[in-house]
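Quick heads-up: structures coming right below.
Across the two complexes that follow, chain A remains constant while its partner is chain B and subsequently chain C.
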Partner chain A sequence: MRITTLMTTLLSTVALGSMAAAADLRIGLNEDPDSLDPAQSRTFVSSLVYESLCDRLFNTNIDMEIIPELATDWSWSEDGLTLTINLREGVTHHDGTAFNAETAARVLDRNMNMPTSNRRAELSSIDTAEATGEHELTLTLNGPDVTLLAQLAHHAGRMYSPDAAEAAGDRFGAAPVCTGPYSFAQRVEGDRIVLEKFADYWEADEYHYDRVIYQPIPDTTVRLANVRSGDLDMIERTAPSDVPSIRDDARLQLFEVANIGYQGITINIGNGPRSEGPLGSDARVRQALSLSIDREALNQVVFEGQYVVGNQWAAPGTTWYDESDPVPARDVERARELLAEAGVETPLRIEMQTGNAPVAMQQGQVIQAMAADAGFEITLRATEFATLLSENVQGNFDMSQQGWSGRIDPDANISAFVGSDGANNDQHYRNEEVDALLAQARAEPDPEARKALYDQTRAILKEELPLIYLYHIKYFYTLRDGIDGFEPYADGIIRLRGVSG
Partner chain B sequence: MTAAVTLTADAAPAPRRNRTWGKLKKNKSAMVGGFVVVAFIIIALLAPILPIPDPTLTDWGKIRLAPSAEHWMGTDEIGRDILSRMVWGARASLMAGVISVLIAMAVGVPLGVIAGYFGGWTDQIIARATDALLAMPFLILAIALAAFLGPSLTNAMIAIGLSAVPIFIRLTRGQVLSVKTEDYVEGARAIGLGHTRIMSHYILPNVFPPILVQATLTIATAIIAEAALSFLGLGQQAPQPSWGSMLATARNFLSQAPWMALWPGAAIFMVVMGFNLLGDGLRDALDPKEN
Partner chain C sequence: MLRYIANRVLIAIPTLLLVSIFVFMLQKLLPGDPILVLAGESRDPETIAFLREQYRLNDPLIMQYLYWLMDVLRGDLGISLRTGLPVTELIAQKLPVTLQLAVMSMIFATLIGIPAGVMSAVRKGTFWDYLANFVALSGLSIPNFWLGIMMILLISVNLGWLPASGYESPWVDPVRSFQTMLMPSIVLGTALAATLMRHTRSSMLGVLQADYVRTARAKGLREKVVIRRHAFRNALLPIVTLSAIMFGELLAGAVLTEQIFTIPGFGKMIVDAVFNRDYAVVQGVVLVTATGFILINLLADVAYVLLNPRMRATI
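Right after this comes the complex of A and B.
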């Protein structure tokens, strides 16, 4: 048995080795994607694979503005309740079936109705999706929703063959059939996802590799070693601590881009008995904690100063950032005063949950040491990330180091986290005023008026602090020398159009 | 052998202890092992009075400094003195090794004696349960138990201790089986002594030497297990130091700060080697067939 396994491994290694000589591009990923069914995916990393596999109705340009992809143009009705989208002609699915308004409507129907779909909330404003022409798709809404285009520029707008999806049902993710520049060839869970060039792609000339191979390698050091040794051509999410040495390496290229998401601490305010301590019940204690953290030092110590410090879901200097509330400096004195005002006996013991990635634990220890100066005694509990999320949902936490990869529409960066019904409101924060402001903002087409509404929520949130925002990451990509045409995007998604060498 | 009837266990060990020590002294590698072990024990015991900084004291201005006069082993990823963390880490490692083996012996040896002495159904139940546990690799069992108990150094010690229990049951039971037919045990039974007294005064002292050897060797395994659990985040919790967790962090800075991995790696290697050499030496010294 063991010999057979060994032989198979050897043979496949030899086979892979010889095939790699063709124009292959090997990309190292930070983690293995979940299901490759666009209706079911919930991870960021799956977007990286989808970008070569499944086109979306809308994409974003390098400035994170929405542009058409499988759509060619679109128009809104006067009342904002009907969205008409014209679709690209001459597009074929990987199984040879034609892409048109009818297949697009069926895909949206499946995304909205399949019980195991994770797209239902994102598309909840759609009442019906109909083909009103060969290439004209009409969406009727049950209420105005300015976030819809952004949803159709994400997982929810990725198009696939409805015939293949119907035949495969829940198992569609095991062998997805889409319309992208590359078609699905093979997946070995935890090891690799192999895509092959789709000759009938509508823009096939822009894609220069015969195969794209994605390999999940969670350890950043190992991932970097693989691109250094030439076993990988490109890696995403390089560790900031490795950045200086990559800059000095002539055989490597480094690309960086500020991410549109945020990282911070989520505090249990109303989710079960663990929210009832001083931290969960008194905003002054949370303010004290926030003031005890030196965000700049945290950035320097853990991330080599490569990230951007922050105090809001939007990064300083970006469109949605509220300039009236700048990043606070560390103030241990004030933090102590606040704790005294709150009548808290110090040291105040609190548990902070962190992911078990080394950087997350390092960050946890820095916060632990900083908060100790103000009178907090933080114990750290490191768990694997999926466990952390599920425990947060169940309310089994005092506070938790969490982050968000970010979406181009602001609503998706805030409503889900502080809205009373928010899917990611693990801390069970409830504030009717915030809910009302968020609902108003969701229906407000004028960006300036919309920003004013978000600024009003900021004024409330910075006092109540259900989330302490700390910093915004940058995505670092390391490529071997010789690859041309790569550009990093703020959403972190790797686009291979025009990439060669 | 007739002499043993009168000597029994109370008197027997004295001459043997001298002979054992004599043999051990002549065994060079055992002495080297013993020296290493003693040295680490002294360092661990002296940790509170040594002139070293607090192992959890951070300094944001001194991140990952190379070894220097001020920080003999350098500083770590959040500016703590590595020498101090190594010294305090030695405490955690040695304590974990010794305490988990004591736990294993406290549970395993009595069960082994009972199984071997009484035989029959008692033996069947204990021995089969032991076999079942032994079928599981030691470290896997320890990881599973530690994950179940929750991450902390105490729980890691309990997990490692419980995982090592079957080794001691099996060893003790085997020894008891060979000893219980000896004349002096028969004699003790003949003069009407109770089971408890026979087990504690006649059998236990005579099966103890191999258990001692096993204990020394198991301490080495337990130290590695503690390092492994801490490496995985299931042992010593931050910010308290442990060689295993230090290694886990150092792994991310292998190219930028290799010394961070060097010290804990070397220390684990030396202590484990020390205990192994000492254990081997003890085995030879306690073996009555070897001269």
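Right after this comes the complex of A and C.
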């Protein structure tokens, strides 16, 4: 009798133990998110936490098409200046207040007007946001803007309790109150962010964990070791070099998806005296540089062939890719001819600014070696991130490694970089024709007509090359065996809907 | 004694001021613009202008420093640019973690380093001496990050004995807290133990040649008593100094070890802060660390007096 009791107790303890473990999902992040105030966030990694914490008006499906989330449907006025959004009923914020058109309008107001908001440029086409019904939100625009839905499917459309935000002021990010499937419980900077299941969530049945714990672990080896040892259930951004060993490990599952952003080189065309050399002033020299690079070899050497080579901001095979401009093969002969046509004396000395991470430097060295064959003598300057940014802004570079995490609306992937007023146009590229095409595309609701406009910019940009696109990264996720229902999305955001085990 | 301590505390004030000025100016010499880092990928120009104003980055350097100093005197160390959290709160979160790691590593280092040093001095030239020297040399030469990753792979991944990384507060779960801190303290402690062992050995060798040790032996005292009461106690003085310096350094955080084991202590915070040009955080951590360093050295000086009666005459 006693032994039976003991056995039962032991078994139930074990069962309870594993139940408790199953109720927590631990996710290892590549870095610690910044402020968790949706008005202020500026990092990609914060989106990963938000996805469980704060619903957005619109989301994206696995094909990166915009779908309603807190919105149920929407309609544009004939002139494209009014957007009417019907909102989901029966949604509550984590503080118990109801979500409706009035709270949504207040959130957008705060995003547009708070001085420390990073959402103002994204929402700059909105004149007013008004509640025109209990669950009807009407946005009046100052000009047609087809990118707005995409903005509302990003940080700018994440909904939170305006009452809580008002009470907390600038400190709202320390304990955000939103509408998502999980509510904020605790944050220890650099260590963990703990979310707890929100019982009143409108789709609570689809979320199977009691708590989700995000742990920033910047070292990729250590992050992977944590999944292997069972201390984490899931990690994002596994290093490409670890991919083969994960495939061979029966205890782990690997998921991969090509990212919507790009990696490349920005060339100083007009930012200060350093743009005046042959590289900055003669497009043929830039074409020669692009032709001297074997993108596939770069991918093989530095990334174990795991990434996707490219030559445009959109990856080959995706919706916005211009098929008439395929990835160029390496052509050293042609590169030399171009340099000769440009009347450049070889070797042409130029400096490339790279990040100081080992992979960034390795990438620089591969490019350096390849370009040398065509007559470029590249010196590498490995620079830490904050310095690299300000060197770029000040024009203290010949060319600089650049990467962009990507947005679902094409405009955000190009205008900021090559538009004359683009916030990220550090190379000071100015071309009125490109500006006009981009402005037209921003107001063009028909996707096919819009794509034709972007293709026209390609025709100019592939000749002038203010930016040389090289490849598109892939996001690799490693999950412990036994987790079901996970699907990787091209925007890199982890969705926990339907994930269990 | 009290007057001695009071004097030392008074001297600490200008020291701290100098340290803070030095760090403030050094940070401003760094290239890179905190607001650009802060503005992130989207770089909204209006937000950039507002933030520059809000963080007083348009003011002359001297004014920026004075503003900071006035806030500090009011007990306000400013706001972290990156997370928007008050620096005092961040420090309150990290200080216990750093202290725990420092104390556990010091305990490990002392328990291994000092007995090994004494033994190798007493048994100079024997197998034990060579073994201790070999272990110490290895401890000094093996890089922390390598040892850390190897331990994670062996102990956590293959054997599954300890958590691979992370941190738990001892108030929440003392057992797990001890488990998570064990590997990092061993990694940090091995290098310290090696240094301690080498110094203990040389200090003991010096003392063992002293006249009073010979006298003690001549009196017919047992070797154990000679070593423990006469030699070891005297040999301890330089070891106390060394330990105090080591402990002070640990308070500044152990960057690599914290990074590998993902321990949210000072080291990781200060490195992140430097990379993000999060000036207020760097200033705050340096101020707290410098205060800790000064305090520990003061304690070490007090310990001298307690250990060595001759010192009492000099103060």
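In this section, the second predicted complex is superposed on the first by the 476 of 501 C-alpha atoms of A that agree within 3 Å, B and C clash if a C-alpha of one lies under 4 Å from a C-alpha of the other, contacts with A are read in each partner's own complex, and residues count from 1 in each chain.
To be clear about the criterion, a residue touches a chain if its C-beta (ideal position, glycine included) is under 8 Å from a C-beta of that chain, and two chains touch if they have at least 3 such contacts.
All of these numbers come straight from a predicted model, not from anything done at the bench.
Participant: Return first, second, both or neither, reflecting whether A:Phe385 touches chain B, chain C, both chains, or no partner chain.
Facilitator: Only chain C is touched by A:Phe385; chain B is not.
Participant: Would you check which partner chain A:Thr221 touches, where first means chain B only, second means chain C only, and both and neither mean what they say?
Facilitator: In the superposed model, A:Thr221 contacts both chain B and chain C.
Participant: Which partner chains sit in contact with A:Val301 here, chain B, chain C, both or neither? Use first/second/both/neither.
Facilitator: It touches chain B, and chain C stays clear.
Participant: Does the superposition put A:Ser229 against chain B (first), chain C (second), both, or neither?
Facilitator: The second partner, chain C, only.
Participant: Could you let me know whether more residues of chain A are touched by chain B or by chain C?
Facilitator: Answer, by number of touched residues of chain A: C.
Participant: For A:Ser241, is the partner it touches chain B (first), chain C (second), both, or none of the two (neither)?
Facilitator: first
Participant: Per the contact definition in the header, classify A:Met361: touching chain B only (first), chain C only (second), both, or neither.
Facilitator: first
Participant: Which of the two partners, first being chain B and second being chain C, lies in contact with A:Ala369: first, second, both, or neither?
Facilitator: First partner only.
Participant: Shared contact residues on chain A, chain B side and chain C side combined as an intersection?
Facilitator: 219, 221
Participant: Show me the residue ranges of chain A that touch chain B in the complex, using the header's touch definition.
Facilitator: Checking each residue of chain A against chain B gives 219-221, 239, 241-242, 245, 294, 297, 300-302, 356, 358-359, 361-362, 364-366, 368-369, 379-382.
Participant: Give every residue of chain B touching chain A within the complex, in rising order.
Facilitator: Touching chain A from chain B are residues 56, 58, 60, 63, 77-79, 151, 233, 237-239, 248-249, 251-256.
Participant: Which chain C residues qualify as touching chain A in the complex?
Facilitator: It comes out as residues 30-34, 36-47, 50-51, 54, 82-85, 90, 93-94, 149, 152-153, 156-157, 160, 163-167, 259-264, 268-269, 272, 275-277.
Participant: List the residues on chain A that touch chain C in their complex, please.
Facilitator: Per the touch definition, chain A meets chain C at residues 32, 34-35, 37, 40, 42-44, 115-118, 120-122, 170-171, 173-174, 188-192, 215-219, 221-222, 225-226, 228-231, 384-387, 389-391, 393, 404-405, 416, 423-424.
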